[in-house]
Amino acid sequence: MALDKTDIAKRIAQEMKDGYYINLGIGVPTMAANYIPKDINVVIHTENGLLGMGTYPTKDNYDADLVNAGKQTVTALPGASYFDSATSFAMIRGGHIDLTVLGAFEVTDIGDIASWKIPGSRVKGIGGAMDLVAAAKNIIVAMTHTNRKGEPKLVKHCTLPLTGLQCVKMIVTDLAVIKVTDKGFKLLERAPGVSVEEIVEKTAAPLIIEGEIPEMKI
Amino acid sequence: MNKVVNNIEEAIKDIKDGMTLMFGGFGLCGLPEKGVEALLKSGVKDLTCSSCTAGIDDFGVGLLIQNHQIKKLIASYIGENNDAERRVLSGEFELDLVPQGTIAERARAGGAGIPAFYVPASYGTEAAEGKEVREFDGKMYVMEKAFQADYALVKAWKGDTHGNLIYKATANNLNNPMAMCGKITIAEVEELVQAGELDPHHIHTPGIFVQHIFQGTDYEKRIEFLTLQD
Amino acid sequence: MNKVVNNIEEAIKDIKDGMTLMFGGFGLCGLPEKGVEALLKSGVKDLTCSSCTAGIDDFGVGLLIQNHQIKKLIASYIGENNDAERRVLSGEFELDLVPQGTIAERARAGGAGIPAFYVPASYGTEAAEGKEVREFDGKMYVMEKAFQADYALVKAWKGDTHGNLIYKATANNLNNPMAMCGKITIAEVEELVQAGELDPHHIHTPGIFVQHIFQGTDYEKRIEFLTLQD
Amino acid sequence: MALDKTDIAKRIAQEMKDGYYINLGIGVPTMAANYIPKDINVVIHTENGLLGMGTYPTKDNYDADLVNAGKQTVTALPGASYFDSATSFAMIRGGHIDLTVLGAFEVTDIGDIASWKIPGSRVKGIGGAMDLVAAAKNIIVAMTHTNRKGEPKLVKHCTLPLTGLQCVKMIVTDLAVIKVTDKGFKLLERAPGVSVEEIVEKTAAPLIIEGEIPEMKI
């Protein structure tokens, strides 16, 4: 059965390691903060100017001056620091973020990503995505395996405007965990009950499949 | 060294049609509310502006678009403002989309006397079209030029009569970089104190970057997404 | 997220011959004293170092020159160190003199993922020899490249277990920019506290730039020119 | 009679205007801080990281962590701020300093300055001088009119390594106040009792002399 958003977030959280500085994009990536393994310490970076992002506030302690990159009210944890956007993006471009998780429309088997614009559709903008994909050491994409029309989002070439080139290292979808290797997409795990055949069928680029493909443990 | 003006009207009186204005704030967080209000009333037009976002339909920098005062906006994201989106699609104003970190760095560079610098962000994308690219140590970069701003409008939590500023939590964001790059920077603060009342170790924007300062009142500080724990 | 090491020896144990090391401090002000001491004892050599100055004859980064551990020093000024001056004239080590602001900006750029940038400083002088120059808006600039450092050694007033740092008065100087550019940054602090004890508004160097931190003892904090009122 | 160092410092202080941010080089320029006109407010910038430098401390309140660009102990005035060197030189390069005063070995009549190196002599370094002369709006040089050998320091071409090009706006020496104009050096004032002829003789570049040259008022 395909994973729901919560399960994708849970699977992503498994990629977090002790001591990591992590930037989580809007949506499912942000949800992963709820499932950080209990035995590790990580620091969540939000690019508008905070290291050490905590949970959402309660109705008694929210503050209009304390928001995340999605403009949601948040809190700060002990050990947090605030800084301006120039310093915040210095952290990103300078390679100080260990893990970045973001959504995407399309990802290619060399790690190109399209995530910010659908021509003829809405004009939203770039935000911090181009900075993040250009410089983070480890970029994981969280997305559905196919779009609303059922078309594959893991492709050979992006048809949509690019966000960055050769940067995505791993993709976690509702159907599979796929690594971007020197030789292309490599299937690592499949969603519980989802067949390798279904994943192959819904992926528009060759998939390296070696041995038995285990089910994800959520 | 007293930079205090009585109100925003006094601070903006020399802003003229066609000028380049920079705004601090990330969406509505840290927005120079009084500055936007006064510019709306002033009717000054043909502005080139830079701001991280266009705010939302009925609050923030986008109101200046709605009021036909902006001819070009350099921003990183306008996704929360449907009105601005319609107007850009209809060609009512020009939108120059730039990565968020690039906006911040271009503002800082403008204030720091650095005319241009290289960043990896946007290489190979349409946001880099028309920009020089160059390889350093085997990786490709885009050359970005510093902002030059006639005025910067920023908002801080506390300020003193020398123009020193302290921001609260994540309300610093683009305020400090934009303050650096304004030929004239107008700072509005929630609390204005005498020089000497702020600890010099705690200053986020040194007063040298600020020309006019005043204490604003009745800040709305609207929240884009009030998100609470379950 | 506990970055605390027991002592400087533990922090520097992986520093090897031939590495590039950056030092915070301006002369003796804000000098990472414990770091210099431990490097002297370690005997690591063929280092490329950057520091604002070479300290004085018998204190500071210059001691590593005296001890034949530095093959190249990138600095802006060595005027207070006669020993270093003699050794550079005799060709014992290579001195690359760079404007002070350029050192600071190259360090920041190294930490900020900006491989190169342009500054007006040194244009037309021998300090710009061999460097690219370029015109922007009718003025000439020199292209400067970012520092890349294996290690940065910095000294702060207060620090916490997450590596957040606060400097006292003018002891920040190159400490923050150098901290940004170290692949591994070692911070020595006069007072080390638990994460949460420092106000997040007051942090000068966010912990993300610091890999190892420890509390030093018996700081000498020597003053180059104790100058008092008449 | 030629001015002494104190008088040069006093004359320089007369160039300070209300609201100025001022950077004073080591030596005579720093002494000018003692003679700031009482009716104006200025802020002294010291490039190692302080705006709002005050007097030297007393023996009871000096602090090894609070020094000026000459590494002398200083104090901070109300309204001061501390910052790192990257921000400090952003202020300089970005043109935020209204007035810079520094010493020099030679200045040409187009405003070139040599101030940092005497080949074959000592190796001291550059410090912040190249940053300051490349970007400050208003640069005044404080120096003796001739060097120890009696040779002119106001020249047609620098013989010593340059610090910056076409940047000096005014020179205050022990003999004269001279402005660097589009047409070259212009004599504005002479030291009390010093003749125009002596100044002309000790200046190795043409001097524009218009009308009566007043004595400096110290």
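Note that the chains are named A, B, C and D in the order they appear, and that numbering of residues resets to 1 at the start of each chain.
Convention: contacts are C-beta pairs under 8 Å (C-beta built on N, C-alpha and C of every residue); 3 or more make two chains touch, one makes a residue touch a chain.
Quantities reported herein were computed from a predicted structural model and do not represent experimental measurements.
Averaged C-alpha coordinates put the centre of chain B at 32 Å from the centre of chain C.
In whole angstrom, the spacing between the mean C-alpha positions of chain B and chain D is 36. One finds 55 Å separating the Cα centroids of chain A and chain D.
As a whole-number value, the distance joining the C-alpha centres of chain A and chain B reads 28 Å.
Multi-chain contact residues of chain B (touching two or more other chains) are listed as 105, 108, 112-114, 119-120, 167-169, 200-201. Contacts with at least two other chains are made by residues 50, 76, 82-83, 89, 92-93, 135 of chain D.
If the chains shown are joined wherever they touch, the resulting network has some other arrangement, not a path, ring, star or complete graph. Of all possible chain pairs, the ones that touch are A-B, A-C, B-C, B-D, C-D.
Within the complex formed with chain B, the chain A residues making contact are 46-50, 55-59, 62-68, 70-74, 76, 82-86, 88-89, 92-93, 117, 122-131, 134-135, 161-165. Contact residues on chain D toward chain B in their complex (touch as defined above): 19, 21, 41-43, 45, 50-52, 76-83, 87, 89-97, 135.
Residues 105, 109, 112-120, 136-137, 139, 141, 145, 166-169, 200-202 of chain C touch chain B in their complex. Per the touch definition, chain B reaches chain A in the complex via residues 26-30, 52-53, 75-80, 85, 88-89, 95, 97-105, 107-108, 119-127, 157, 167-177, 204, 221-229.
Residues of chain B touching chain D in their complex: 1-2, 108, 110-114, 160-162, 164, 180-181, 194-196, 200-201, 203, 206-209.
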